[in-house]
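Chain nomenclature is as follows: A, B, C and D, assigned in order of appearance, with residue numbering initiated at 1 for each chain independently.
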Amino acid sequence: MEYKTEIKVRGYHADFYGHVNNARYLEFFEEDRWAHLESKIDLRKWAGMGLTFLVVNINVNYRRAVPVGETLVVTTRLEKIGNRSVVLKQEILSKESGETAADALITFVITDRSGRAVTMEGEMLAEIEKLR
Amino acid sequence: MEYKTEIKVRGYHADFYGHVNNARYLEFFEEDRWAHLESKIDLRKWAGMGLTFLVVNINVNYRRAVPVGETLVVTTRLEKIGNRSVVLKQEILSKESGETAADALITFVITDRSGRAVTMEGEMLAEIEKLR
Amino acid sequence: MEYKTEIKVRGYHADFYGHVNNARYLEFFEEDRWAHLESKIDLRKWAGMGLTFLVVNINVNYRRAVPVGETLVVTTRLEKIGNRSVVLKQEILSKESGETAADALITFVITDRSGRAVTMEGEMLAEIEKLR
Amino acid sequence: MEYKTEIKVRGYHADFYGHVNNARYLEFFEEDRWAHLESKIDLRKWAGMGLTFLVVNINVNYRRAVPVGETLVVTTRLEKIGNRSVVLKQEILSKESGETAADALITFVITDRSGRAVTMEGEMLAEIEKLR
């Protein structure tokens, strides 16, 4: 499944200072994260097995204020697979100039029905590798 | 239970035009609606009986643009009890001047476990009367 | 300019009850409203003349709860031109079934630099007629 | 000026998974950040001098899922003063248990009218020290 997250910045995305608000950026990242995940992984199957994605850390750099009217592109790729966690690298770029407006490292774990983070091995690891 | 919903308008509440955004007002109304409901009604008991509040119509007038820094007060009172629906009147006022920034009529029904709207009679009606 | 507002409902759009939240629907309507306006009208020119769209009333019916995973289509058309106000009719439909999830009448005025609502006549009326 | 940011978690704060959404947490942090800043610093005077707070990094740990109905307390304190940047430490705690739901390091700079980050020295430094 191909997908592309493009967002035209509207007045309601911006705050008083005329910039896209910090919290709104997290929604843009979240939108593309789900689109990326579902383009690579059968999330329905995962849910059926009681597996849940749980974000445990977000580290976001706000690099450039984005004016209303600009179109943004959001990207997601796999950064690192740890023992029990995975790091995604996400970027928000100006469609016109390609300049980075914000980037983020998103660390998540996958919890099973007991709420414990599962180890990245075997079939699970193979699935996560698809996120590259 | 006494409560009061006061909100100091921050930069992140306002949009590009420096006004509190239309969608944000609905959150201010929702905040006070829940505070009002739980101050009058045992919502836990209702949930235990499978009863759910379902908003079916919101009719909101935006009367005055509110600048960042102003403090708003939100109020809720019972407007009308219909056969199977209830109307609340909500207002957002400037704390300083008392001027109305927005007002709304909120129509909701109460659904049972089958998803059907229950009739406002007997014990249910008595509970809803408390919302005055 | 052709455009189409399609939104795949994500977990972050839904609230605790698993439905798209009331306030979030207003953002979906707002998204399509701006797309519709800018596809028909030169908003930059309007802004240069000091003309601003100001929503004065939103009357929204919530008709059907929308589950996460469904794709929604938002539409906007001109409903009525008044003396100093304009009414748009907006709908949010299920892409799959075509069923209406929510619809709304949005009343706006156009204010000039003095903050007064302008009369719908002459060139202004011709521009607004394009919104059909 | 004394202040305290307490937030009762409502259904509209939570997402499909019944947790307070990641982006919503940033709004809770932002609310307390502004309350803290304006309790210590004359923001109006700063604005008059053309000085603006600009968040450049947010690093947030999501430590515990918060159920609807719980009351949260948000706190802010000065963590570190750098050469041209300042780090605040913010926490979101359960009011009942005192457990941490989320914590964050927020790095901001102060920009002047030219958009450049000012150096933390002299009067500026003295003002920022008040944020402890």
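Operating definition for what follows: contacts are C-beta pairs under 8 Å (C-beta built on N, C-alpha and C of every residue); 3 or more make two chains touch, one makes a residue touch a chain.
The structure presented is a predicted model; accordingly, all values stated were derived computationally and were not measured.
Centroid analysis (C-alpha atoms only) places C farthest from chain D.
If you compare B-D with A-D, the chain pair joined by more contacting C-beta pairs is A-D. One simple way to say how far apart two chains are is to compare their mean CA positions; for chain C and chain D this gives 34 Å.
Measuring from the averaged C-alpha position of chain B to that of chain D gives a distance of 28 Å. Centroids built from CA atoms put chain D at 23 Å from chain A.
In chain D, the residues touching two or more other chains are 11-12, 17, 22-23, 27, 30.
Here chain A touches chain B in the complex through residues 11-12, 14-18, 21-23, 68, going by the rule given at the top.
Looking at the complex, you find that chain D touches chain A at residues 17, 22-24, 26-27, 30, 52, 54-63. Note for the complex: chain C touches chain A at residues 8, 10-12, 27, 30-31, 34-35.
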